[in-house]
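The structures considered in this document are given below.
Each of the next two complexes has chain A plus one other chain: chain B in the first, chain C in the second.
After this line comes the complex of A and B, so read on.
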């Protein structure tokens, strides 16, 4: 294997893939990158056995071949070289070394054979579709904060992606709150597809996707999901489990509808949260005619009280919530006004954007204070 | 390579697999030195091998080995197969921690990468501490589909009963004497060792051929003979415990306790009259006779219990010298 490349051309793909390479690796080969030089392109692959990123760069290859090289060291070398430096990278098969030459510098790195590298080639696609990047990014960003973190119910440590007729939904829940977001796309699977993307894959994916109209191809296999962008291919394993039926969690019988200015409401919540219990984050909400009174106190008996003017016609109601969950939901909504739907003191609160066209729902369970 | 005494176990497991009846958790149990860990590795590779796992038709062919050429086998050999996880103590004698076991749950929560199965090998299973073992229970009870947990244990009794009851126990019996002897002779000839002592080596290893081979390589037989001599001298009052302690310590606590157990057990058998003195007798006749004459059975049994207690304290931070001194002194007091 041998090729020449400019520093900037290899630095960008390396930045993309090196995020996947973890420092502490159980398998030595995972701290390496798979570099493979095909006819007219150079592909670099990194994996941590959970997610895999492959980047492709179009360059002229003098000699095809593939080998794995230490990721961290290779990246650091490329970073440390001067701007616009030309790299000449060659693999010496008899010594199992990769030689990097640039100007007066020369580096020789150890390698491991490419066959040791567990890259995923064929994911046995069962369904695929195309979607504008920003739509996919949007539904992920609007829901991912509700994913559970290291819950024993491992299927909650991820994001449910549901593909139904002409719609894609993302749902995340940690058992205390739930986020739901739907977008319409031209898809028609023979039956509804439900997959759970693991937490790590979701976080990485939201970094990779851009706010652009360009299309991304999504391929779903039995055990994996793969996204193909222009120069990048992202593959993640799926969670092996059954996501709870979220429709039963979203309350439908709430009769107390409150309309509030989102920013105004959020700021008041944020202020009150300063004096709420640091561990439980409880806040008491009291619904009155055109008014919400919020009250928080901490173990030192310090107290915060806020009065928020809202649009509300209905009976009085008092209930407690984790203020962080409410703040998260308010932050994820981007309309100026929000609609809050309450039932009774023991039923969940539904927070919605005040716009029928945006299909986002946030459910927060009440807590006993 | 497949050990001849593994063949029936292989057949059994493969048959289960081929008829889609393989249990999700197998507990391989048996004496040390039977190659249980190797068996678990081989079986894991076979499950992950892309060629072999295309279900062979029943009845299962006699030779079942991974192909060694497919992607699965290559990744296995490179120790980077993404669908195989090994859980062992970080260093010999340490415990398997709860974090390691939690990683199993995280590993199994995701779907497999290449293979049909996700395989986890826990060896030795008794190295799991209390918390680790308890957190494995949920995984054992509600495994994700296509999961195979292989637990390897040579001390099944020290596993939590809740773990044992959740696994299918595959016991690896000691091979019969001829088979073990044949294999050991061949293996020793291959590593250019003299092959005349195979019978005694197998006796020392309680019939486990691999352990016997290890003993042969380490020259354990000669230290065994030294200890036996020292034990007989002590019994015949030709030496005193303090002089002999050095020798026992140089051999090490674990083997000396095990051998002493064998000898005392033989004395009990002789004393109760169920044993005939022949070629296979370990202790010499005068020693047997002397003990049989002067020591009551009851006290021999008490001493045997003492050895068992010491064996139990082996993994703890017990003072080795004190343990040996205590045992030898009580032995010489015993047969006044």
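After this line comes the complex of A and C, so read on.
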């Protein structure tokens, strides 16, 4: 195997795939990337047995072949070379080494045979559709921050994707707060499809998808999801579990409706959060007529107080929240004004963009302070 | 000064209170041999025949054919244990119970009020005899380590005082196996070096011991020299609360192990609630047949003393991290730590899918019933169902184990 490539042409694919490679591996070959040089293209593959990313780059190959190379070191070398450097990459079969030459630099890396590299079998497609990249990216980015991290309820450590008639929804929850976002798309599955994409896959996918109109093909199999872009194919196993009924926990009967300037409100919350307990992040909110008073304090008894002018006509209410959950929701909304709906001191708060055309909902459970 | 009080043949002695006709006969408490039961406790007459705790009942009956075997009544032992603790509490608040029948008492601060440690211990011994008709063996020493050896050496009906200037003379002739933490492996290592007594151990340079046994080696050397800085720790000041079970026979039946873990979780959670500790870090511990020990832990978002959220983590840790297909387990344990400061109620994040009130209610009722009618009267269903053990059907609620309560130092 031998080919020449410019640094920038290989750097981008490496950036996409290297997030998949785990730092600690049970199988040595999983620390490596599979590099295959075919007639007119170079493909680079990374996998952790759950997620696989394959990138394809059109270049001229002087000698076809394939081998696996240590991912981290290969990526670091390419990054550290100067801009627009020309790389000459060649495999020395007799020494099992890959040689990278560029200008006055020369690197010799160990390899493992390509045949040792695991690949995800046929995913047995059951449904597929096409969607503009930016729509998919949008619903993921507006919800993924609420995914649980290593929760015992393993099905929460991922993102629910629901494909219904002409709509696709993403829902994430860690049990304390929930994010929901829906977008219209031209699909018509015979029945509603519900899949849970694992957390790591969601994070990687969000890095790969771009804010462009170009279409991505989504293929759903029995246990996998595959996304095909022009130069990249992403495949992930699905979380095998039942996502809780999110409709049940999105409140519909809150009678206390508050309208606030989003940025103004967010900045006040951010200031108050500086003096909230670093571990629990509690903040106390007091609703009064056309006013929210916020108060936070820490174990050193330092205290922050904010008064936020809002539109509110209901009765007084006092309740506590994790301020980070409020901040996350406010950051994910992009309308100028937000609507907050409260019930009582023990019920959840619903945060919405003040625009009925945007179907995003954020639910935050209170904290007993 | 520290007092170590250890009841003589506790379970059996309690049983004999109701059955005085058996006093001069060999008696043991334990599970019947047809259920692969084991002996929990034996009186001193039975011990002469070689019957001891953790021995298979079948073997015990072979060694001592006219042995009277009584079923264990844990509720009764727990009730009387409470009365014993109450007698201790008349003299000092600093009590560290090691199990139902054993405790350390630090009486350093009580001596002005009640007389010397010697006088206090005599009073305790007499009160336990007068009020409960039970015999306790006493060891008094400046450290926990020596006090425990002292109470053991005097058994039965022991009363041994080791004054500060006598500690070394007391320890020197004893075999190294008397030191906590010296098991079979360490003993055979020391034997190859020609070391049998504590006196010989003390002659070794500590450097050599650390080289041989690591951190443990230094600890051994300190104990051999009568140095034991561990204080008597009460539940109130504990930094973690744990229960563990050593099985009489190694077990690989996962259903059975889970039932035991649930039982331990209930015990730990009940103690947390008793002392109003809420913890965030849950640890399980297992020891395999070859004595290799593994711990796995996880922290939860809301500090708790409720059984259900702790159990959920315990179960998950066991299911995902503990393999039993190659080796059976000889010990399992549950530990909760990461307590909030006393009196500080931490904020409680409420959950979208799990209402919390309910569970608190179950725990409060369980505690109230168990307090009134004896420990373990009320327990979760999964802890008592019959399951298949290593060699036959087991009643999971068996007493052929010895449960050890452990405390960690608080500063």
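The working rule: the second predicted complex is superposed on the first by the 298 of 369 C-alpha atoms of A that agree within 3 Å, B and C clash if a C-alpha of one lies under 4 Å from a C-alpha of the other, contacts with A are read in each partner's own complex, and residues count from 1 in each chain.
To be clear about the criterion, contacts are C-beta pairs under 8 Å (C-beta built on N, C-alpha and C of every residue); 3 or more make two chains touch, one makes a residue touch a chain.
Keep in mind that what you see is a predicted model, and the values were worked out from it rather than measured.
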{"item": "Superposition on chain A - do chain B and chain C clash or fit", "value": "clash"}
{"item": "Contacts of A:50 with chain B and chain C, given as first, second, both or neither", "value": "first"}
{"item": "Chain B versus chain C as contact partner of A:152, first or second or both or neither", "value": "both"}
{"item": "Partner chain(s) touched by A:277 [first = chain B, second = chain C, both, neither]", "value": "second"}
{"item": "Touched partner set for A:120, first chain B, second chain C, both or neither", "value": "first"}
{"item": "Which superposed partner A:254 touches (first chain B, second chain C, both, neither)", "value": "neither"}
{"item": "Touching partner for A:19 - first (chain B), second (chain C), both, neither", "value": "neither"}
{"item": "First (chain B), second (chain C), both or neither touched by A:65", "value": "neither"}
{"item": "Partner chain in contact with A:132 - chain B first, chain C second, else both or neither", "value": "neither"}
{"item": "Colliding stretch - chain B into chain C, listed as 42-50, 60-68, 150-158 or 294-302", "value": "150-158"}
{"item": "Footprint overlap on chain A, where chain B in one structure and chain C in the other make contact", "value": "152"}
{"item": "Chain A to chain B touching residues, read off their complex", "value": "27-30, 49-50, 112-113, 115-118, 120, 152, 154-155, 157, 198, 222-224, 237-241"}
{"item": "Residue ranges of chain A touching chain C (in the complex, touch as defined)", "value": "150, 152, 173, 175-178, 244, 249, 277, 280, 282, 320, 322, 346, 348, 363, 365-369"}
{"item": "Complex contact set, residues of chain C against chain A", "value": "298, 301, 312-313, 316, 346-354"}
{"item": "Touch list for chain B against partner chain A, complex", "value": "74-75, 78-82, 105-106, 108-114, 138, 144-145"}
